[in-house]
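These are the structures in question, set out in turn.
Each of the next two complexes has subunit A plus one more chain, namely subunit B in the first and subunit C in the second.
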Partner chain A sequence: MRVHQLGHGLIPGDAISHHTLEIDRRLRAWGLESHIFAGHVASEYQALAQTDGHFHSFLDSPDDLLIYHYSIYDPNYRLFQKTLMRKILIYHNITPPQFFQGWDRSLAALCDAGRRVLVELRGCDLALGDSDFNRRELVAAGIPEEKTDVLSIFLPQSHFTPATDPDLMTQLQAQGTVKFLTVGRVVPNKAIEDVIRIFALYHRAINPRSCLYVVGSRYLPAYDTALDELVDELALNDAVVFTGLVSDTALKTYYQAADLYLHASHHEGFCVPLIESMYFGLPILARKAAAVPETLGDAGVLFTRLGYKKVAEMAHLLVSDESLKAQVIARQRQRLQDFAHDRVEAKLREILIRLHVLPA
Partner chain B sequence: MPDDDLTADLLKGDDIDAEAIMQEIRARIRARRAEAQSRGFDFEAYADGLYPLPPDAILSRDLYEAVRYVGLSYDKVNIDRVLTETRLPLIGGLVHRVRAALHELVLFYVNRQAARQIYFNEQAARALNALVRDLETEVCDLRARIADLEANQG
Partner chain C sequence: MSDSASSPVLEIRDPAVDVEVVLRRVATGVQQRRMADAYGPDSALLEPEALRPTVAPGDEPTRVSRDYPSLQEALVEMTDLAHLRELTFTSQIPVLGRAVAAMRNAWSWMAARWLDQHLRSQQTAFNQAAVRFSSELLNRQNAHISRVCELEAQIRHLEARLARLEDIAEAGKEDEQ
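For the complex of A and B:
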């Protein structure tokens, strides 16, 4: 039995690429023949995968199974439509275009195209979301409820091993400040401006010995400029640091040095940084939006509307009230168990048995 | 946002007394506001997500916010080419190239208009800022004269 996986790209450090490789590893372990195809294959992975053009030779193989990872518009969705194989769609979510309108029209158009194409991917045997939030979007796109399910992603194990950049750690600790952290691409749906404003109130009214670290790549010039202007206007130039993209070790160092993970995103399909914060024992204060409450489960602290005063005071309690902090962290550690690889593996196996790819 | 706008599920878990925590937060906010006022810190501006007022501000907060927004946005007219892929078989590539060329032509004229609009916006922003400065001077002057008159009457 052959199983193929097709996606947009296979790139080091990318969560979906990692998920694809983990699935591949299990398929092989279960005695299946496994192939990976992607629009772009990084040089590191060329021994493991082929570019999507090579998938053409398998199109007319009705006994095979195709797993299509969909996270961004890619013309290779037509291969998914054309093939005679049985098909599983795994939807990793696409940011709604309105978040990019006014900032980057090309990106907005790409997201719009991606979401429009989702409707055309209905002809699958099973559609999986990596959260129930994503699964509901599949149902909204017209896929019958009974043909949908949830398969959480295999989290990169390398993210969940301790590692520290000693120089960076020394530098961070030397400041003796309370450190707020937010992680992810610096894009409008993450509402970094709200994180900055919450921090501004905390810094000005509660604790001036504090810093905010925004860790993630910056690539929308208009949005970056607006955030820089905001920081400037609020006179926070010495207290807010945009690190840009950092190495895995540096990222772990920020998690270990920080006192609070603050997340104000309006749209997340899953949100890996929340899981990373759980692993590193960092109390989480996050906006209750999209898949965030689902990923947190009973853990972390959520805010629904943005009353900066309350959120800033809550942040203060989470960093200063040791008892509350310990309770929150304990719940987070408990929640972390739900994302263990063996649970995801068991669910993948159950799905493949249901589709008669594996024997019961 | 009023202080009593609590979110019931802000904190979860039987071991956490959410109501007690929220009461504490409300009390802290009241204390913080009072303390901020005593040292001249614009607490409400930060709390409401507004920008701090200029130290010598004498007009309404809304006016300063609006002028600030005009100053930030007068030249933000983003125009670029956005073309969706055509799905016509065989001639799709040709159609795409023709559409792209037409878009470039349209953009040429739209950009000329945009440049004029930005020039106008800039002049309007300058005028607005000048008006606000004049108004501030006028208000200060009038307040001083009222104070003088009241002092003389007394």
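For the complex of A and C:
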């Protein structure tokens, strides 16, 4: 039995690429023939995958199974539509375009097209969201509820092993400050401006010996400029650090050195940094939006709207009250178990049995 | 939004945490800092406010997509107005008003009922056909907008792929040299 996976790209450091490779590994272990195709295959992965054009030769194979990873508009969705195979759609969510409107026209157009095309992917045997939030978006796109399910992603194990950049750690510890951390691409749906304003109140009214680290790539110049201006206006130039994209080791160092993970995103389909914060024992204070409450379960602390003063005060309790901090971290560690690889693997296996790809 | 509004700002779902105690400590902390004027005189600067993008020339939404919501609203309004309703006379004249209105209604019923009903049903049928036609046009326009968005995205995607291929070709040339 052959199983094919098709997606937008196979790139190192990308969570969906990692998920694809983990599925591939399991399919092979279960005795299935597995192939990966993507619109763009990074040179590191060329031995493991082919570009999507090669998928044409398998289009008319009704006994095969196609798993299509959908996370951004890609013309290769037409291959998914055309093929005679049985089909599983895995929806990793697409940010609603309005978050990019006025900031980046190309990204807004890609997200807009991506969400419109989702409706055209209804012709599948099963549609999976990597969170229930994503699954509900599939139902909203017209896929019958009974054809949907949730398959959490295989989190990159390399992110969940201890490693430290000693120079960076020394530098961070030498400051003797309380450190807030937020991780992810610096894009408007992450509402970095809210993180900065909450931090500004904490810094001004509660603890001036504090820093905010915004770790993640910056690639929307207009948004970057607006954030820089905000930092300037709030006189936080010495307290807010935009690190840009960092290595895995540096990222782990920031998690280990930080005192609080602060997250204000309006839209997340899953949110890996929350899981990383759970792993590194960092108390989480996050906006209750999109898939964030689902990912957290009953762990962490949520803010439901922006009473900055109360959120800043809560942040203060989470970093200064050792007993509360320990309780919150303990719950987060329990929640982390729900995302263990063996659980995701069991669910994947169950799905493949249901589709008669694997024997019961 | 001020933090004094009625819905809760914080939500703690961990059963191990005494939520009431924590929320009370938060409220007390805020109150004490307010009294100490710790938030500063310009704390309005820190009120929640979204960053506003500056729309660069060429980044404006196309006219057709900008107008689309208002067209949709117009169609809803048209649908409401399509069905003509019978006129019922009323009168503001004190005491005699009800009798005057009843007489007018009776006269209208006797003199013009059949003509009125015929004209109304003809006009309603035309209006409903016009609504169906407009709705179909709007649906087709929506499909075209979707297609344009998709084609725009496809062009950008192809441009990116072409750029990658050019880079690879360029790198190949340099290796040969």
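One rule holds in what follows: the second predicted complex is superposed on the first by the 360 of 360 C-alpha atoms of A that agree within 3 Å, B and C clash if a C-alpha of one lies under 4 Å from a C-alpha of the other, contacts with A are read in each partner's own complex, and residues count from 1 in each chain.
Here, a contact is a pair of C-beta atoms (placed from the backbone, for glycine too) under 8 Å apart; a residue touches a chain by one contact, two chains touch by 3 or more.
Since the structure is predicted, the reported quantities are computational estimates derived from the model, not experimental observations.
When both complexes are superposed on subunit A, subunit B and subunit C end up clashing with one another. Within the superposed three-chain model, A:188 lies in touch with subunit C and out of touch with subunit B [touch as defined at top].
Shared-chain residue A:343: touches no atom of subunit B or subunit C. Of the two partner chains placed by superposition, A:333 touches none, neither subunit B nor subunit C.
In the overlay built on the shared chain, the residue A:317 is in contact with subunit B and with subunit C.
Contacts of A:54 after superposition: neither subunit B nor subunit C is touched. The partner that reaches more residues of subunit A, of the two candidates subunit B and subunit C, is C. Of the two partner chains placed by the overlay, only subunit C lies in contact with A:40; subunit B stays clear of it.
When the shared chain is aligned, subunit C comes close enough to touch A:114, but subunit B does not. When both complexes are overlaid on chain A, the residue A:354 reaches neither subunit B nor subunit C. Overlay on chain A, subunit C versus subunit B, candidates 95-103, 113-121, 149-157 or 167-175: the clashing stretch is 149-157. Overlap of the subunit B and subunit C interfaces on subunit A comprises residues 75, 102, 105-106, 109, 113, 194, 197, 200-201, 204-206, 222, 226, 233-234, 288, 298, 301-310, 313-314, 316-317, 324, 327-328, 331. On the subunit A side of its complex with subunit B, the touching residues are 75, 102, 105-106, 108-109, 113, 194, 197, 200-201, 204-206, 222, 226, 229, 233-234, 288, 298, 301-310, 313-314, 316-317, 324, 327-328, 331. Partner subunit C is touched in their complex by these residues of subunit A: 39-40, 73-75, 101-103, 105-106, 109-110, 112-114, 116-117, 188, 191, 193-194, 197, 200-201, 204-206, 222-223, 226-227, 230, 233-234, 288, 297-311, 313-314, 316-317, 324, 327-328, 330-331.
On the subunit C side of its complex with subunit A, the touching residues are 1-3, 5, 7-17, 22, 25-27, 29-30, 33-34, 38-40, 43, 45-56, 58-59, 61, 146, 149-150, 152-154, 156-158, 161, 164. Against subunit A, in their complex, subunit B makes its touches with residues 1, 3, 5, 7, 9-13, 15-16, 21-22, 24-25, 28-29, 32, 35-36, 41, 43, 46-49, 51-52, 72, 76, 78, 80, 82, 84-85.
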